[in-house]
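Shared chain: chain A. Partners: chain B in the first complex, chain C in the second.
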Partner chain A sequence: MKNLFIKVLGTSLLYAATTFAQSANEIAKKVHDLPSGKTSSGTISVTLIDKNGKTRNREIASYTMKDGTTDKTVLVFKTPRDVAGISYLTYDYPDKADGSTVDSDSWIYLPAMKKVRRVSGSSKDDDFQGTDFTYDDLGTRSLSKDNFAILGEEKVNGIDCWILEAKAKDPKAKVSRRVSWVNKKTYVVHKGEYFDKQNRLQKTLVAEDIQQVNGYWTSLKMTMTNVQTNHKTVYEIKNLKYDEKVNESYFTVSALEREQVK
Partner chain B sequence: MKRFTALSLALAATICAQETVFLGSLTSQAGVGLPNAHHNKGDFLLGQTIFDGTIKSYLDEAMVYVNGQIVHDALGAQSTNGSSAFVADDGTYALKLREAYIDWKGEMLALRIGRQIVSWGKADDIQITDVLNPRDETNVVASDYNESKLGIDAVRLSLLTEKTQVDAYWIPFFTPSILPLAKGNPLHSRVFPEEVDGIGINYPEKYDDFELPEKRLSKSELALRASTYTSVADLSLYGFYGWDDLPLIRYNPNIVFGDGEDMPATSYSIDVTGEYKRMYMIGADAAIPAGDFVFRLEGAYFPKRHFQTDVNSQLFKYSEDSRPASKRKNQVLGLAGLDWTPSGGWTITAQYVADGVIDHDSDLERKQFEHQATLSIEKSILNETLTIMASGALDLWDFSTASELELDYKLTDAITLSLIGDLYLEGPDGKEGLYGEYRDFSSVTFKGKMSF
Partner chain C sequence: MRVSRINHFFRKVGTTQIRYRWPILAILLVITVICSSGLADFALSRGEEGWFGDSDEITINTKKYEQVFGNLNGVGVLLVKQGDGDVFSEDILNVIDKIGTRLQDEIPFANRLTSIINVNIPVGNEEGFEIVKPYENGIPSDSAELAKARALVMRGNEKTNALINALVSDDGRETWISLSLHPFEGKELEEKFEGDVEEVNLAIGYKLMEIMESDEFQNKDYKLYGGGIPFDSACEDRYEIPEYGIRVLCSVGVMLLFLALFLRNFFGVFVPAITTLSAIASVFGGMALFGVKADSTLVTLPVVLGMALAVGYSVHYINMFKLQFRRTGIRKESAIKCIEECGWPVLFTVLTTMASFISFLFVDMKPLVWMGKAAALVVLAIYLYVTILIPILLSFGKNGVPDTTSNDGATKLDKMFSAWSNLVYKRKWHFIVAAALIIAAFIPGMFKITAQLDYLSISGDKVPYVQEIKKMLKTKLGNQYSYSIMISFDEEGAFKKPENMKALLELEDYVGALSLTKWSGGKPRVTSATSILKEMNRALNEGKDSLYTVPEDEYVLAQLMELSSIEMREDFSETMDEEFRITEVSVDMTQFATEEALQNMNALKAKLAELFPNAQCTLLGDMIRYSEMSNRIVFGGLKSFGFSLIIIAIMLMFAFSSFKLGIIGMIPNVAPVILVGGVMGYFDFALDFSTVTVMPLVLGIAVDDTIHLTTHLKVRYEECGSLPKAMEATFREIGASMFLTTLILCAMFGVYLFSPLRFLMVLGLLIIVGLSSALLADYTITPALLQVSKPYGKEKEKA
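Right after this comes the complex of A and B.
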């Protein structure tokens, strides 16, 4: 699980690059590599809305840190109260030189068990805590997992965007195809469509409240709607800070076990 | 005045740096015996309302943690070990202090002082190296291995680096497990029958009727854990020098003869006493991730552990002066397990556990070798509002089984309703094995919990 604050940055260098024709792979790589600071901290607010309009809320404290090429993430559930204190620690590694992916190292701390458990770091296409987002949707999905194509160009809310298609190489992937509307100037994803194994539209993504925070473009609000179930998840980021000092000891298994991460 | 202002500012800054969190829950549960529960059929086997409160207060690198419970038990099943709970005489109310500690962390050292619950090992719901905390043994209906753990009064000094952790424990006061001593506890008559074959049995009525270790420095417990966490595996080593949490039972015949020589006995009963014995353990475990799987290994060696001798050996084989309540034997325990998390919100856990006593002798109450397999399957659906859990354990020697099916439905974010079925079955030919003795506790439990 990489940085859960979706990276939607465009820098001046990237802006210059837009004047050149680019391949789908180049655009995908620039979206993938958008910088997001050496550290970040904030509170993630998740609202789940079912087809009858009934809502459920989750609040999660999030800390991230880059340690060399390793992205470290700590998440601590604050609400709902029955899961408060459940914490995740994940180390994400870059792809190998041959393009193959490296499994994350992941641990979960369960306060009821007073125990840290090693968990599998390979499943990225599962739903994130009952939401309509998968871990892949919230992180930076490995480029080696998809074939990319530019389907066209279109304005989204008056902003010029490429329509970028990412087709999963794995025929068994739960999401067979992702189509993103990528801001030509900033490489921000403004909206997306996700297709299931049978290539039927399954989910739509709308990114809102896109701001520069400490110089990094960030989408502070995203809404993912499962059009097949009419279930919706609103994902908001609050009190977001980049490049401010984060307690490095938070990113250790012992910090989880000691319930040290606030 | 300036000094006062400075002091006020300093105090204000201190208060601002402090963050206090309260977490509470109210649980109400009732369990009733299933038709195969024999004389417990249709009887309530569980009836509790539990208020659980936790306060966590962070101040810079320090934290105070307190967790306590107020329990109302409709069956009067609560009892105490003199340390973990204050219990009403009739067993209907209990006040429990589960944990209360101060935690401080420096650059590389950390200290935790006070009552604490510690989890060792990689096994799920099976005790191998997880020997530090005693347990509340008063309930088997809808019971949870982790919730049954009791805090130990300890000092824990830790050495921490990015990938390693070494914890040293000094446990000055021994805390025994809580036994089902309350008369209202459905387990009481099973564990402490008043008579067997017409012979009266005089069991201890209170926790301090057992021979507890004296409260002396020399009776302390010591423990050590060293762990490392890497991409390849998580590894831990353990050492423990302490007390076994359950007492060893001594059976003494109590024969009253008539007046005069060669007169027959006029009454015959058995007096039961219990004593706690020292225990040593060294152990190790590993968790190895591999794709969708995590393999878990755990092993422990208990040198010269005291094992209970059976009642017949005690009463009929030995004279009063040489009647041993226990014999010392070496024990080896091992576990191999795997967690599988395939796509789609499934969690599947399987374990194999083997438990052997070296140089076993026929006086011992337990078998020389016991082994079992466990399987647990969990699936969350409806955006995690409904969770279905099925778990079971199969005794591979006598084929007795314990199984549980649990449905948890989230009515709201705060309220969870649960339906739990527990089924204990003997093996073929009525063999009790590991789980057959609980057959009278097959039950169905309804539980409601609100977290706030």
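Right after this comes the complex of A and C.
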């Protein structure tokens, strides 16, 4: 599992050098490498909306920290009642020199069973926590997996954006093509379209409430709509803080077992 | 009601018709061209989708299901290894992978693929658990790696592994590659299929066929079988639709042959043929203009019936014309005379035949309603075209010389019928008693009639795709019918309560024990959310098989369900909604047998009410639809027949202004229906979507001859005042026409006898039995009963 704030939401302080023409790969790299804080904490609110408009909300406390090149994340479910206390601890490692990914380490704690179990096998194109987002959508997808192209330029809500296309190299990839509208100044993605294997539009992303938090550009609200199933997930971040001290012991298996992280 | 007065009216009509023959021809031509232009939009409705209307409860429930769980239908390919080995070899795994990839890449509305290649397996160990895809890193070449992956998929046994005897057979020689589908809606539906769901089904089915039949999958090491409603629709379209076309063409051939044989001139063949085709084209084109789709299974019936009736009506008109022309030699007068004599009896037969088809509007099923409407309109159109065109076209030409060799214009055959009427007169009681005995013998057979909707039985063994399905059903995993149980609580999180989950487990056991539930090896083919919960529970408990159970503790169960919905969202969401209040249990069936299926369904409904008193339980799927169809077919058939019986009896009483004559007229027409029912019961020809049409159809057509007979008899009786003499004259004048029309009808429906589709063969057979026995009744019981009952009052022989 990836560090959600650092890698997902993307911030940029380096928006000055955009006056010269850039290649698609350069833009993609800048989006990929957007800086974020060394630590973060906040509450993630995930609202699932089905095709009939029925909503279901989950609140998750989130803590992240960078430990060398390792990104550590702790997620603790707060609501609903039945999931309250279920916790995930994840260590994400950087890609190898050849661009291939390294499997992350994950553990889950189930209060009903009073057990920590090691979890593996979630691939990055799987759903994130049962939502319409995948780990890839929320994390940084390895640049080596796609071929990039600039499809054009367009304004999104009055903001100049590049239309960046990422085509999956793997013909079996669930998402064959991602098209993102990238802010020319901040490199933050403002909206996106995701296409399935048959190149049919599958999902649309809308990023809202994009602000600088502690100097880092962040999308505080993102809505992913699966247009094929008419299912929607609204992902919001509340009480977000960057670079504030986070208890390092939270990022350990024993902290999960002791239900230390609240 | 004096028939002579009515005939007088028709004489006036005929006179006007012949006087303004050119304008009338022009108007008819314009109407025909306009209506026929609609043929460009003519479309067939295929498969079972069309059996229920949009407001039907089954349709509404299906929509509810699709709101929660997506498309009820999917497609699949069953791969069966031939020769030695199993499906876990590198070559076969590559085939499975390629088929899966092509399904996902090429099938419209493709959603989720499930095969042994991409299945998610929760695996527990001492440290924790992982969701494993056995071939995530590709299909290995190394035999040790292949064996390891096989061991993972086939771990445990069918009791502790949800995949065994569901996705893959316990011997590893059979496996399903299945694809779920998105609901048929949205932009793709509008843009690619113009909003036509049936076209989507067909496109999906044909694409699946194309994939299965492509060169890369032709190999003697394995055999592929297709499955799913779209595949069935495409098979039906590929094999059955051309067969319907062949039957219609054969009927046209038979029609032309008979016209040539009996009318023996080009004009006699050409005119009725053009008349018939114009009438049918106008009705089908007109209906298409209004956007009405024809039902594929029943489409031939109105066409063949229309052609047969057209020939029958034409023969009446043409024979009457010839009779008059032989007598007088005056062409126009003969044309008017044939309208005068045939106008009313033919119109009356048209009305009774239409009434019998209108009766299908009471059967709550779209194809039968369509057939009823289409056939009634075809009959009406045929009448209008025949009664307008034939006399007008016959009126063109030179006058002739009266035939002086026969003073009444009668042929040898006519005279034979005349002699027959004398025989019936002398032996009337013999005929009545014999008929009563025959009818009595067939009545018990009627009570043996069953309903049968299993199209594998209905279609017979001669159709290639039915043969393939039957072969597939003999395999371990092969399956044709399935249904779903949707259990819906109002309360959110209802299935997190152990008592509801316990009831769900109990339901699964109960369904597994039902007589028609399919078993693969020692496992019933019942799937629900519980299998994922069991897998997850075991995985979280170090992979211990003893914990392949659904937890009973409420807190543990609730968290396990939440975790399943997070970690295995795609799999779990196929059987449980996001609020944990609606769940689905899907059940595969061994085969379809209506009576038993109805019993299974009723028992299941009772069990559901007992286990889930506070939930709404809905049964959906093929078996439920078929059961409901058979139910409606039986009751609809009864309603339809009852309605046509009453209406026709009332019409007869009204037309003859006599209750007595109406009832007498019905007896020889009910008799063939009893005969048909008896044959169905004794020879095990069950009621199905085609045979249900036979009884009202036979009644509607059989009554035609009775009407011709009684009308003519009444006219002749009004003329001469003697029943035997009137009967003799009637038989002489229309006995041969009655024989001819029935012979033509039987011959035209006889083309069905040679169809490889069993239901068409049975349909043809029953119609022939019904119509020929009706004719026999009109030659025997009708005159005998009329002689005995003297419905026209006391005879007063005129000089």
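Criterion: the second predicted complex is superposed on the first by the 252 of 262 C-alpha atoms of A that agree within 3 Å, B and C clash if a C-alpha of one lies under 4 Å from a C-alpha of the other, contacts with A are read in each partner's own complex, and residues count from 1 in each chain.
Convention: contacts are C-beta pairs under 8 Å (C-beta built on N, C-alpha and C of every residue); 3 or more make two chains touch, one makes a residue touch a chain.
These numbers were taken from a predicted model, which means no experiment stands behind them.
Asker: Here chain A is shared; do chain B and chain C fit on it together or clash?
Answerer: clash
Asker: Is A:I86 touching the first partner chain B, the second partner chain C, both, or neither of them?
Answerer: So A:I86 only meets chain C here.
Asker: For A:D50, using the defined touch cut-off, is the partner it touches chain B, chain C, both, or neither? Pick first, second, both or neither.
Answerer: In the superposition, A:D50 contacts both chain B and chain C.
Asker: For A:N239 in the superposed arrangement: first (chain B), second (chain C), both or neither?
Answerer: In the superposed model, A:N239 contacts neither chain B nor chain C.
Asker: Please tell me which partner, chain B or chain C, touches more residues of chain A.
Answerer: B
Asker: State whether A:T69 touches chain B only (first), chain C only (second), both chains, or neither.
Answerer: It touches nothing on chain B or chain C.
Asker: Examine A:D105 and indicate which partner it touches, taking first as chain B and second as chain C; both and neither are also allowed.
Answerer: After superposition on chain A, A:D105 lies in contact with chain B alone.
Asker: In the superposed arrangement, which partner chain does A:E259 touch: chain B (first), chain C (second), both, or neither?
Answerer: So A:E259 only meets chain B here.
Asker: Looking at chain B, which part out of 117-125, 171-179, 243-251 or 423-431 clashes with chain C after superposition?
Answerer: Of the stretches 117-125, 171-179, 243-251 or 423-431 of chain B, only 117-125 runs into chain C after superposition.
Asker: Same chain A residues contacting chain B and chain C, which ones?
Answerer: Residues 48, 50, 56, 80, 82, 107, 112-113, 115, 117-123, 127, 129-130 of chain A touch both chain B and chain C.
Asker: Can you name the residues of chain A that touch chain B in the complex?
Answerer: The touching residues are 48, 50, 56-57, 79-82, 84-85, 91, 103, 105-107, 112-115, 117-123, 125-127, 129-132, 174, 231, 249, 252-254, 257-260, 262.
Asker: Show which residues of chain A lie in contact with chain C when the two form their complex.
Answerer: Listed in rising order, the residues of chain A that touch chain C are 48, 50-52, 54, 56, 80, 82-83, 86, 107-108, 110-113, 115-123, 127, 129-130, 172, 197-198, 200, 227-229.
Asker: Could you list, by residue number, the parts of chain B that touch chain A in their complex?
Answerer: Listed in rising order, the residues are 19, 21, 23-25, 56, 58, 63, 65, 103, 105, 110, 112, 117-119, 146-147, 149, 158, 160, 162-163, 165, 227, 229, 231, 234, 287, 289, 291-294, 339-345, 380, 383-385, 410, 412-414, 416, 449, 451-452.
Asker: Hey, which residues of chain C end up touching chain A in the complex?
Answerer: That would be residues 67, 70, 101, 104-106, 110-111, 127-133, 136, 182, 186, 188, 493, 496, 540, 553, 555-556, 558-563, 565-567, 569-570, 577-579 of chain C.
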